[in-house]
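By letter and in written order, the chains are A, B, C, D, E, F, G, H, I, J, K and L; residue numbering begins at 1 in each of them.
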Amino acid sequence: MRIRIIHGPNLNLLGLREPDLYGHDNLDELNKKIQDLAGSLGVEVEIFQSNSEGEIVDLIHQCVGHADALVINPAAYTHYSIAIRDAVSTIRLPVVEVHLSNIHAREEFRHRSVVAPVACGQIAGFGSASYLLGLRAAKQLVEEARR
Amino acid sequence: MRIRIIHGPNLNLLGLREPDLYGHDNLDELNKKIQDLAGSLGVEVEIFQSNSEGEIVDLIHQCVGHADALVINPAAYTHYSIAIRDAVSTIRLPVVEVHLSNIHAREEFRHRSVVAPVACGQIAGFGSASYLLGLRAAKQLVEEARR
Amino acid sequence: MRIRIIHGPNLNLLGLREPDLYGHDNLDELNKKIQDLAGSLGVEVEIFQSNSEGEIVDLIHQCVGHADALVINPAAYTHYSIAIRDAVSTIRLPVVEVHLSNIHAREEFRHRSVVAPVACGQIAGFGSASYLLGLRAAKQLVEEARR
Amino acid sequence: MRIRIIHGPNLNLLGLREPDLYGHDNLDELNKKIQDLAGSLGVEVEIFQSNSEGEIVDLIHQCVGHADALVINPAAYTHYSIAIRDAVSTIRLPVVEVHLSNIHAREEFRHRSVVAPVACGQIAGFGSASYLLGLRAAKQLVEEARR
Amino acid sequence: MRIRIIHGPNLNLLGLREPDLYGHDNLDELNKKIQDLAGSLGVEVEIFQSNSEGEIVDLIHQCVGHADALVINPAAYTHYSIAIRDAVSTIRLPVVEVHLSNIHAREEFRHRSVVAPVACGQIAGFGSASYLLGLRAAKQLVEEARR
Amino acid sequence: MRIRIIHGPNLNLLGLREPDLYGHDNLDELNKKIQDLAGSLGVEVEIFQSNSEGEIVDLIHQCVGHADALVINPAAYTHYSIAIRDAVSTIRLPVVEVHLSNIHAREEFRHRSVVAPVACGQIAGFGSASYLLGLRAAKQLVEEARR
Amino acid sequence: MRIRIIHGPNLNLLGLREPDLYGHDNLDELNKKIQDLAGSLGVEVEIFQSNSEGEIVDLIHQCVGHADALVINPAAYTHYSIAIRDAVSTIRLPVVEVHLSNIHAREEFRHRSVVAPVACGQIAGFGSASYLLGLRAAKQLVEEARR
Amino acid sequence: MRIRIIHGPNLNLLGLREPDLYGHDNLDELNKKIQDLAGSLGVEVEIFQSNSEGEIVDLIHQCVGHADALVINPAAYTHYSIAIRDAVSTIRLPVVEVHLSNIHAREEFRHRSVVAPVACGQIAGFGSASYLLGLRAAKQLVEEARR
Amino acid sequence: MRIRIIHGPNLNLLGLREPDLYGHDNLDELNKKIQDLAGSLGVEVEIFQSNSEGEIVDLIHQCVGHADALVINPAAYTHYSIAIRDAVSTIRLPVVEVHLSNIHAREEFRHRSVVAPVACGQIAGFGSASYLLGLRAAKQLVEEARR
Amino acid sequence: MRIRIIHGPNLNLLGLREPDLYGHDNLDELNKKIQDLAGSLGVEVEIFQSNSEGEIVDLIHQCVGHADALVINPAAYTHYSIAIRDAVSTIRLPVVEVHLSNIHAREEFRHRSVVAPVACGQIAGFGSASYLLGLRAAKQLVEEARR
Amino acid sequence: MRIRIIHGPNLNLLGLREPDLYGHDNLDELNKKIQDLAGSLGVEVEIFQSNSEGEIVDLIHQCVGHADALVINPAAYTHYSIAIRDAVSTIRLPVVEVHLSNIHAREEFRHRSVVAPVACGQIAGFGSASYLLGLRAAKQLVEEARR
Amino acid sequence: MRIRIIHGPNLNLLGLREPDLYGHDNLDELNKKIQDLAGSLGVEVEIFQSNSEGEIVDLIHQCVGHADALVINPAAYTHYSIAIRDAVSTIRLPVVEVHLSNIHAREEFRHRSVVAPVACGQIAGFGSASYLLGLRAAKQLVEEARR
């Protein structure tokens, strides 16, 4: 089972940005944790980060034929990128939306996700663990779909 | 470690209600899955269900001194019960909000949670697995808080 | 044919409360009229009143297996109780929403019913007669469903 | 006792239009049911249909001196015709608003009636039976006014 | 193939009204262009104009059995006539909504069409050519439906 | 100088309708006052009343070539008839909007006029005198335009 | 009969400010026209101008015992001065609101008057003539009140 | 004179919950202060606390015949419980709404009280003293009503 | 202890203005009651009234060094004067906002206070007693601040 | 005459994505149809597709000096890309906005186009034919501009 | 070249009020900096402060004939004073709006300026430097206008 | 001291685009002015332009370690790019937002900046001079931060 992980904009500076909200891990440390869990779950992961909406659309498209599920943190694009929403709904694979911070506890405009209505589900607020829970969720969704 | 699980209104009829949205498990089957995972995680769980807002407030209050964390599915109350929100913010324990269905993909009025801003995080859309992921999240939050 | 009648909050004080809006009957007098019509229609009715949202949810749930239809005046809860809405949509029986007063002619916030979208229909503004018309409507819905 | 019945726009094509919402009766069949009940209630009914807002205003005005009550389904005009609203409030007779479908369960813009605040009450969602219940309601309102 | 063309209110004064927005053609010149294209496409067209909402509803109803498709410019009624919307959705034929001016570039209230959601598509902003493109579109929709 | 006066819907029942708001004059008495003032001002007036939006559009169109100005009370249509608004802006004559009652002191939805932005001005709240002031205003606008 | 005239803020610079909207008269010329009409109507007028909301409130209060009616152009304060609104409703005299320009044809925020709901009526859009019509209206309101 | 005091949801945990907002007193200490002032004012007080909306409705109903006035802190229910609002308006006694914290200085959703429009008045922001001032206010309202 | 009392606009006409809402006391009588209570509480009060927003800002500023607390009824300015709000937040003294009428039971626009979020608390609806309760509240706030 | 065609995000996966909405053609088949019509119209077309907002801005800029008109389907960017809107308004060429699906019949957020107000017109809802009609419209706009 | 500087309400207490937002300078120190820069730029400045909206309107009017440009910090009035807005648009001189704090980073209601749409530009967030940059901007605007 | 300047989308075509709004300078001429002022201020500037949101995010990130401050004109992205907002808040350097045109005097949607709340301040409306003032502001912010 192959699961793609996509980190959205500004996550390349993770650790620099408001550590109270996002934790002290940098992106490499986060990715290490994801790889470790993937190993123990017997799942193969490919991890990408991009600041570009268009590139993220491309990365989502590439899942078709190359991945069984997608775990995505659209970061800032969560709140307005209908292009990413449409990409997610086009690929017809299990998609899990994750967020490091609890977006529902922040500015009003971060409460709304335009991606969530076309994803399978959303996990927000658990720091690095959001990704780890998301990976477990994605794995289960693939297994359910295969049944 | 003790973690309280609270199921909100109408979940006593789980399995009867729109199975496409909520799955075919009834509440006993769901609770069994939670107990099983709790066992394997070495966590003690107490599970409650109530249709009454006031009773749920009481059940939340009782966590003080009796539980290390709370996993709650406020169900319909998610969207308007400021009483439950205030109870959650009063007890000062890790609280994880979970939902069987992807509330962000349903009617507009279900997108907003008045509880989420005072919870640690939210997990929605994975059916029974939302609770299982929530239990894992709660356990980790307790462990982090103890460090 | 058995039809359950549920009176929502504050209706126990009927007759005391703004008689211009709600009429001069008290609850016993209203129930007597309902029983009389039920008798002449050959329908068995069970009548309940509760001020508690959770209890009303329970009373709705109990319809499953015990009643063929429900006539409910959710009163104040009409305008915000998603818990009652979800209970109504869970039981999968004909449900008729009734109101003594014309809620569409009162304060703006009383124009919207969160229950109506999952009920079969709504009857409002005819005083005691709203219940009597609601009983007739419920009876016919049961008969149609049986055809 | 004379009661006028007015069918609003597009009801002349009843039976053709979305039968799931409006039922399979055509307008003649519906009118036959109304006439039958009127006969058994000892009420005289006059039935009109018009697609024109201005004509409907005229038909409402003519009630003065010619009818004791009005049962009206303003159909599409329900949601914006202040002209019909003003006509209803001018004639100072009992007016019952009826709808075949449950307007509260349809598109958001159909939830609001600009006529209902000046009518005595509203009955919606029972198909042909909405008119029959409306006729009973109108008769009772006339009798109450005569007392 | 017969296609009905309906011009909505104030289009009888075309050429008089704000020529910058609507062009210098009067209605006869516009109709001549439509007839010419219809001739070259082998389509029979019937053209109507009315300032009355009720008459336009009637003209739409008459399509049933008399036309294969409808090209309609509801003009001012575009923005509020739910009666016309319901007529369009009742006849179950291909309907193309056209506008001389680019309604999306004018006052805010002209951006919204209540008819468009039940039409097949909308063409706006090309002056007389909007009708000509609309005729082509209608012809193709009929051909596709016949396949 | 010829000035057309148009009374909108429900004004044919003037005197019957809420006399506190609209005064005790009936339409003939109002028209008599208008004719009297017109006589003393040396102005010729033609007075029309219609309950039909389409007819009112026609009556406005007929001003072209037949009247120097228009005094119109669009009544209920004031608040939603974009068809009448477009007719008013098409004829390119001085147009004065008048109202018997003070629409700004009534229900929220009566505060907004969709016609006023394309009229020269609005006079509201003076009962019959609104028309008389409107006639004076129209006369002056014609005289100014002629200078 | 004594009628007070109050000009609100920025009207002291009349003639300087956007002449297309407000005309070429300066305030003295406008006041001369008002005095002339007052003379011919046999009415005594006192005219004030102030840029200060508090002073305008004082000027309104002074009407009690010193004037039979008030004609006021609250200018910019029209749209937000609840203090002026409350002053107008306190003095219990006929009050006519006038505007040089057609406020309903300008920026959205100028469409709403917070004063109009407590005035007798509003006249807007006729330049200097708005005051002259307002004076006539005020005179008639006083005469009606005396009857 | 008997005055009932009702504490709404979560006030049983007073002292535990955000002391900066609500003060350090627990509920017993607050009640002691109320009893002390009542004693010195010669007023008899009965004090209740409930987390249940339905129970609070019952407690309000019981005032009829048992209390001369009500001082209520509806806490979280302040902002949405139309059931409590209707109970307050039904009992026809002087009702004073009190809040420990200044609800107008907190989250937007706490600024609006659905109860206040049917209470006599509201006192908010003075900690325990809000209740003491409320008790004084209630006493005076009873005395005024008795005059 | 010195406490300043500021009465906002139109309160100079107290007793004249809608006595049902504001009571029959005139301003002198109200001030007498305040002085009497101040005497019995051992507090020195200075009382001001102004219709001018700028003057009220000045009066608030003067508290610095001259008063220990402020009791203010901003009247109409309550709902829009950010200048008064900023003055209140600048002086860093205990400020109590009072209202004679229950502003939450009146027009929608009177429900919102722009001053309340920077005051310590608000007391509304008790007529003259609102000031008396406000004086007590202010006294206590000063005493608490001194502790 | 050279006309540029730009396909926005996700259109590269055409045929994969919801065929009920977008049809079964893939992008090559669509482009073939466009090329064929261009050939028969004697127009040269250049066709581009991009998922990147910035690239689409660049592609629009390049029209200056290289194309006579632009036919663009901004897809998801239609609803929020002010950057694309500004690019369209900068190039001062005829621009036609096209959509495969009827965006006015889909989710509320798809009804609004931020590009349309600066385009010449919009064509939506005709599948592949939307592009073909758009090509005809663009050709005519160029011809008109050349006159 | 003469440039007028106007400080709005509460700025007389600068230095006292929230120094984190407004800096530690008092008004004299700020004015000294402005005078110093004016000297070095060869510009004559006149500086005024007022808490009164009406006085500020007067101060703006006085610019006509006495100043070449205006630098104004309308402070609290920024957000609602249409009177000041109208004064600014009346004088037809270059006007620069300045703010000490970044109003776009504060409460929602401070984001909107009703003055900015009629000013030349806005500078906000740089403390004292906002005025100094504003002075430079005003000087350049005068020089450009003179060219 | 090094200051980065970033020009957002469509600014590469400066001079072509609506010169009334943006001036006649092209981008090179604007950059020349910036370089000239930088030289005279003893500041080193690096200037970038991009039409791509992702690239702008990258350019902002690169400031870390390479620049002391940022002057950015996010152009169209100002109004919706939360990605740019988050990049600005991540880098923790002084950031000045500038606009050529007065965005507060243009379309409603241009009044709101999603970037401004995390920038130090905003300068809008002075054409090229906005950048020059922005450069001065940035220099001062760096100097203050160094103190």
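Couple of notes before you dig in:
In this text, contacts are C-beta pairs under 8 Å (C-beta built on N, C-alpha and C of every residue); 3 or more make two chains touch, one makes a residue touch a chain.
Keep in mind the model is a prediction, meaning the values are calculated, not measured.
For the pair chain C and chain H, chains touching both partners: B.
The minimal number of chain-to-chain contact steps leading from chain F to chain H is 3. At the interface between chain E and chain J, two copies of one sequence, more than half of the residue numbers in use are shared by both copies. A repeat of the C-H interface exists among H-I, E-F or E-J; more than half of the contact pairs are identical by residue number at E-F.
With centres set at the average Cα position, the gap from chain I to chain L is 46 Å.
Chain geometry summary: the mean Cα position of chain H and that of chain L are 54 Å apart. Averaged C-alpha coordinates give centres for chain A and chain J that are 31 Å from one another. Note: centroid distance chain A to chain B, computed from Cα atoms, is 23 Å. Counting partner chains per residue, chain D has residues 52-55, 80 touching two or more of them. Of all possible chain pairs, the ones that touch are A-B, A-J, A-L, B-C, B-H, C-D, C-H, D-E, D-F, E-F, E-J, F-G, G-I, G-K, H-I, I-K, J-L, K-L. Only residues 102, 104-105, 111-113, 116-126, 129-130, 133, 136-137, 140-141 of chain H touch chain I when the two sit together in their complex. Only residues 8-10, 12-13, 16-18, 50-55, 75-77, 79-80, 109 of chain J touch chain A when the two sit together in their complex. Touching chain I in their complex are the following residues of chain G: 52-55, 57-58, 61, 64, 80-83, 85-87, 89-90, 92, 114.
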